[in-house]
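We just call them A, B, C, D, E and F in the order they show up, numbering each chain from 1.
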């Protein structure tokens, strides 16, 4: 069975992420969406909130597992019995960073392969950071994130 | 009447900014230089100081208005009755970020167009951040900023 | 009156070109679509055919003039009494070339300004060359070019 | 069964290609190495020679099929009952072109996915064109191509 | 005598740095490895620790001097009676930043030349920051840094 | 004695080339300007004309030798008893190609080092091809090439 890991911060999950997950789920038997617990950066949503939002945004896709991890991605891939990591490439600016990560992970664990999917052109400029920034400035984020994520962001920002 | 917005931090205004403003002022009826009030980053100069330095650096250009804004650029453009944003492109590193911003603004307000002018080659490597850094290390910033801005920087750095 | 020049080969005109022309026509009083007579490259469509296809594709836009030119763009801009050139930026690969052209034109004629509009994201990967290549291999080019251009391409390719 | 297509000119196959094929063959059930018959460019090796060299270079990999195609890749993928194309990314210069191809193929056939593998760092600067050029100038191409390909190149160049 | 400066943070020195130093030492009479005292960023290793690690990693190279500096690089180059700065280019992402630095230094001191060496392909993705990050997450950094540096990092991380 | 090779087509030599040669001549004992005899591309100026124009453009620089070569650069470097190649980097678009060449040359002859100088900002967009193209279209190439090269180009273009 071919299992791939799709790691990320997902703070929050965007329509761009969902596009990648949904395409990967048609190519592989199972996609593990793996939320990074990054202790050094203060997140907008907690790990539990992020996992909950991913779950509610992906009810239509059956062959996925939602999980979280910390430490080295190369070790996590190993632990899950997978060998392949999936990443979306949004635009050229992503490329160098992703390349470096892929080579580093391969150095740490030569079994780990990274494959890249190109973002669909309508999501090519979309990032979680940009979504948060637009929302904080009072902009409309419909079309960037699922309805449920939008409501949760607005709740956190303006009803806290 | 064609009015364009030239938004930025201008912390401080450089000869590169002045080059863009002066060229835009020959192409459009009116250029609004719009200083971003960014509450999350601690600026070197206050909003009022930045506006004052812009004013004193641009006495030769008549068809400009100097203003400040916060919130979404797309909303500010609307509020001023403009539809066009002007940005300078210094080098390839600017490009991806500027592209993302332009597409995001268009998504938020489909009326908003962004047009880009290329930096003149002598200012291609010039940025406000680099100017501040060189000044802090005691380097000569003549040729980077107007005389009046240079004096104000030195005053703030070494006479405080 | 603000007049801008939109130069190109337009062999053939694509929906990406039409997007740029239509947006420029809302920002300036007049847009001159200037078809380059390049004597060194063998074109797919003749100059006259290309002009005809542009005309039939742009019947909805009133403030345009369709023209052809050879020689230096900087001279042509001068001759038409304009000072501004408009170019679309499709993606990073365009950028360096466009930058070099803009700086060269400014060196040749310091009056000439080039302004860039970003391609809409759905046309970001679209080029005349790619359209010709897909059509030659029997692919469907609906969604790349106007209906009239598509028919003309198929006629030229398969009824000649 | 997951089948992927690895299309290319392979004129000649290099160690970089073999690295990608071998890694893809561990990730998917079957890899079809598809040699493009490009009628417009004069190749160094004929289609038959290229297929023969690929065969002899890949005797260790079992789950591959070697084939040739012309016309649209999107149609070929369809015809083979596959949905996924594999491409190697050597360095940033490849990226824009590959991105455009991936988006074009997806437009032509929304079923077609392209996935990218990063070249291993030792092959990052390796291309068939460079191999041919070095060989023509009398340089040693050991370490660039398999022994059998090297001999065939030298034979063609110097014993013809 | 040709003396060149190789400036950097070296926090810690990696095999990529050593590759550049060793190649520069064969091209020039003397290489000064100049460790930047950056008061604004909290370093992993102190200046003294970094200098010590560089010394112990470079015992095989004779024509080097190890030093530290603060303030402007352009001034430091002057002070040492040198005119040339050496930098390694790892990948395209370095390029723009390095270019800007080289042009800025030349503006500040027209005597200062910057020359670039390309990283060897096996170190092309290697950076001090990545080494620290991998080590902190418990990954094996053999092959990234000299044995002595690796031990010192582990000591600092896990025996403190 | 430190000898470096500056290889190129120099068809014709531009002020950008002269800037690099003059800066390299201050850093090394001797600079060999090596004109590539490329038998596959039809040049604008013959090898002899190009060498003559370089000679007449560089009368002020003493420590140079002007030569021509064909075959592999790596072999030529060897033959001249040098180990270092100098190249100018005009802008990001040069970078990938130059990187590939440097790595290939190093693979062919591990002794060969390539060092890069950044173009001065006023020559950053200047290339021999662009100079030829502007001249052919009747544009003024003063400021792109030395007076003597300009006259020779005009003579060849319009008095032939």
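FYI, a residue touches a chain if its C-beta (ideal position, glycine included) is under 8 Å from a C-beta of that chain, and two chains touch if they have at least 3 such contacts.
Nothing here was measured: the structure is a model prediction, and the numbers come from that model.
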Going only through chains that touch each other, how many steps at minimum separate subunit B from subunit D?
2
Show which chains lie in contact with subunit D and also with subunit E.
A, F
Give me the set of chains touching subunit C intersected with the set touching subunit E.
A, B, D, F
Just grab the chain with the largest centre-to-centre distance to subunit B, centres being mean Cα coordinates.
D
So if I superpose subunit C on subunit F by CA, what angle comes out, to the nearest 5°?
120
Distance from the mean Cα position of subunit C to that of subunit B, given in whole angstrom:
31
When the C-alpha atoms of subunit A and subunit F are each averaged to a single point, how far apart are the two points in Å?
48
Once you find the CA centre of subunit A and the CA centre of subunit E, what distance in Å lies between them?
34
Check: subunit E positions touching at least 2 other chains come out as 91-92, 96, 99, 103, 121, 124-125
Chain pairs that touch, as defined at the top of this document
A-B, A-C, A-D, A-E, B-C, B-E, B-F, C-D, C-F, D-E, D-F, E-F
The residues of subunit A that touch subunit E in their complex are 70-72, 74-75, 96-97, 99-100, 103-104, 107-108
Subunit D-touching residues of subunit E, taken from the complex the two chains share
91-92, 121-122, 124-125
Residue numbers of subunit C touching subunit D in their complex, please.
91-93, 124-125, 127, 130, 134, 137-140, 143-144
Using the touch rule from the top, collect the residues of subunit A that touch subunit D in their complex.
2, 23, 26-28, 83-84, 89, 92, 95-96, 99, 102-103, 106, 113-118, 120-121
